[in-house]
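Look for subunit A in each of the two complexes below; its partner is subunit B in the first and subunit C in the second.
This part shows the complex of A and B:
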């Protein structure tokens, strides 16, 4: 699956008061790319679908927390 | 008319005693992009939108109430056993002064809900674009809420709600496509 996270590198001034966060992230999720959902997409099993909140893997968006505050820049 | 099922749309389990999280969750209860605003926005807009997408607004608006119930359950579980001192420490002293432990439609900062949060412009495209924006803002709010707790059970319910925002966003985008196509569609018989 393609990444649903985008990364950018904000300007860091030598005069910033706090230690810089050099990598920032934001989300670009499947609904932005599908347009009009095609028919007959593959489906999760019913139990999986109930857990995920969506019937189709193509629309599933896991979110594990934002990377830019959890060591992504490491 | 509605039919009520006496169960939550998705299980809500809260495993960590964290009354402050209740305060943050209030953003999705009585905030500008919260579930109450969403439900009332869609269920009101549907009267003056083309027939083909009325049902969509009814269905999504109804589901938002199911989400509202889930948020209410989370807030209730996180506050029902808190002492007054714990509520004050969690930033809920002002809430307690006005409401005891009752839930109330206000955002995380204690600002009461207002109809000014929602719009019904009567223009189908303007209304649907607002609905798409509302879903994306709610999705972002859920992300920040997930970031603010380490309770994996609470995160699980919040992730479900976040996924539903994504699905709703796509459905509203499809509604826009349906309205765009109507005019110059070539019908072959």
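This part shows the complex of A and C:
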């Protein structure tokens, strides 16, 4: 299953006052590709669904942070 | 939630977690059914889960007192609703 994180590279001007952010990430969740949800998709068990935050594995979207805040989390 | 603060055993947390899982499935199914009113299989699952949810809740309340008030749960004697521990203390 490919990662749901994509990146883009903002334009960095020589006159930027602050240190440039060269890589930005954004999430591409499954619901963007599924459209209208079909019936009878496979489901998690209740406990798993609670852990994953969604009832259907097809729509599961893990989020592991923006990746630009090492050491800042928590 | 009983009058004498009963030591909370792990069965308390176990049952609460099971109830939480079933409640979450019900929330998901409810939102799904809002946009898929004709999905018979999901409706059956929703009703099964609702029935199961009440079984778990009543089992829990029989042991540890009411989960909700204002008539949505029974109470033992004496009145158990405002006894410790509260949900945020658990």
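Note that in this section the second predicted complex is superposed on the first by the 67 of 74 C-alpha atoms of A that agree within 3 Å, B and C clash if a C-alpha of one lies under 4 Å from a C-alpha of the other, contacts with A are read in each partner's own complex, and residues count from 1 in each chain.
Rule of thumb we're sticking to: contacts are C-beta pairs under 8 Å (C-beta built on N, C-alpha and C of every residue); 3 or more make two chains touch, one makes a residue touch a chain.
Only a predicted model underlies this, so the values are computations on that prediction, with no experimental measurement involved.
A.B. asks: For A:65, select first, second, both or neither according to whether it touches subunit B, subunit C, the two together, or no partner.
C.D. replies: first
A.B. asks: Go through the superposed model and pick first if A:54 touches only subunit B, second if only subunit C, both, or neither.
C.D. replies: both
A.B. asks: Kindly classify A:27 by the partners it touches after superposition: subunit B alone (first), subunit C alone (second), both, or neither?
C.D. replies: First partner only, subunit B.
A.B. asks: With the two complexes superposed on chain A, say which partner A:46 touches: subunit B (first), subunit C (second), both, or neither.
C.D. replies: It touches subunit C, and subunit B stays clear.
A.B. asks: In the superposed model, which partner reaches more residues of subunit A, subunit B or subunit C?
C.D. replies: B
A.B. asks: Output check: A:37 vs subunit B and subunit C. Expected answer is one of first, second, both, neither. What do you get?
C.D. replies: Both subunit B and subunit C are touched by A:37.
A.B. asks: Pick one for A:16: touches subunit B only (first), subunit C only (second), both, or neither.
C.D. replies: Touch status of A:16: no partner.
A.B. asks: Can you give me the overlap between the subunit B contact set and the subunit C contact set on subunit A?
C.D. replies: Touching subunit B in the first complex and subunit C in the second, residues 36-37, 50, 54 of subunit A appear in both lists.
A.B. asks: Show me the residue ranges of subunit C that touch subunit A in the complex, using the header's touch definition.
C.D. replies: Residues 17-18, 20-22, 24-25, 28-29, 32, 35-36, 39, 41-42, 49 of subunit C touch subunit A in their complex.
A.B. asks: Going by the contact rule set out above, which residues of subunit A touch subunit B in the complex?
C.D. replies: Interface residues on the subunit A side: 27, 29-31, 34-37, 50-54, 59-63, 65-66, 69.
A.B. asks: Would you pull the subunit A residues touching subunit C in the complex into a rising list?
C.D. replies: It is residues 36-37, 39-40, 46-47, 49-50, 54-55 of subunit A that touch subunit C.
A.B. asks: Which of the residues in subunit B come into contact with subunit A in the complex?
C.D. replies: Touching subunit A from subunit B are residues 10, 139-140, 142-143, 146-147, 159-164, 166-167, 169-170, 173-174, 177.
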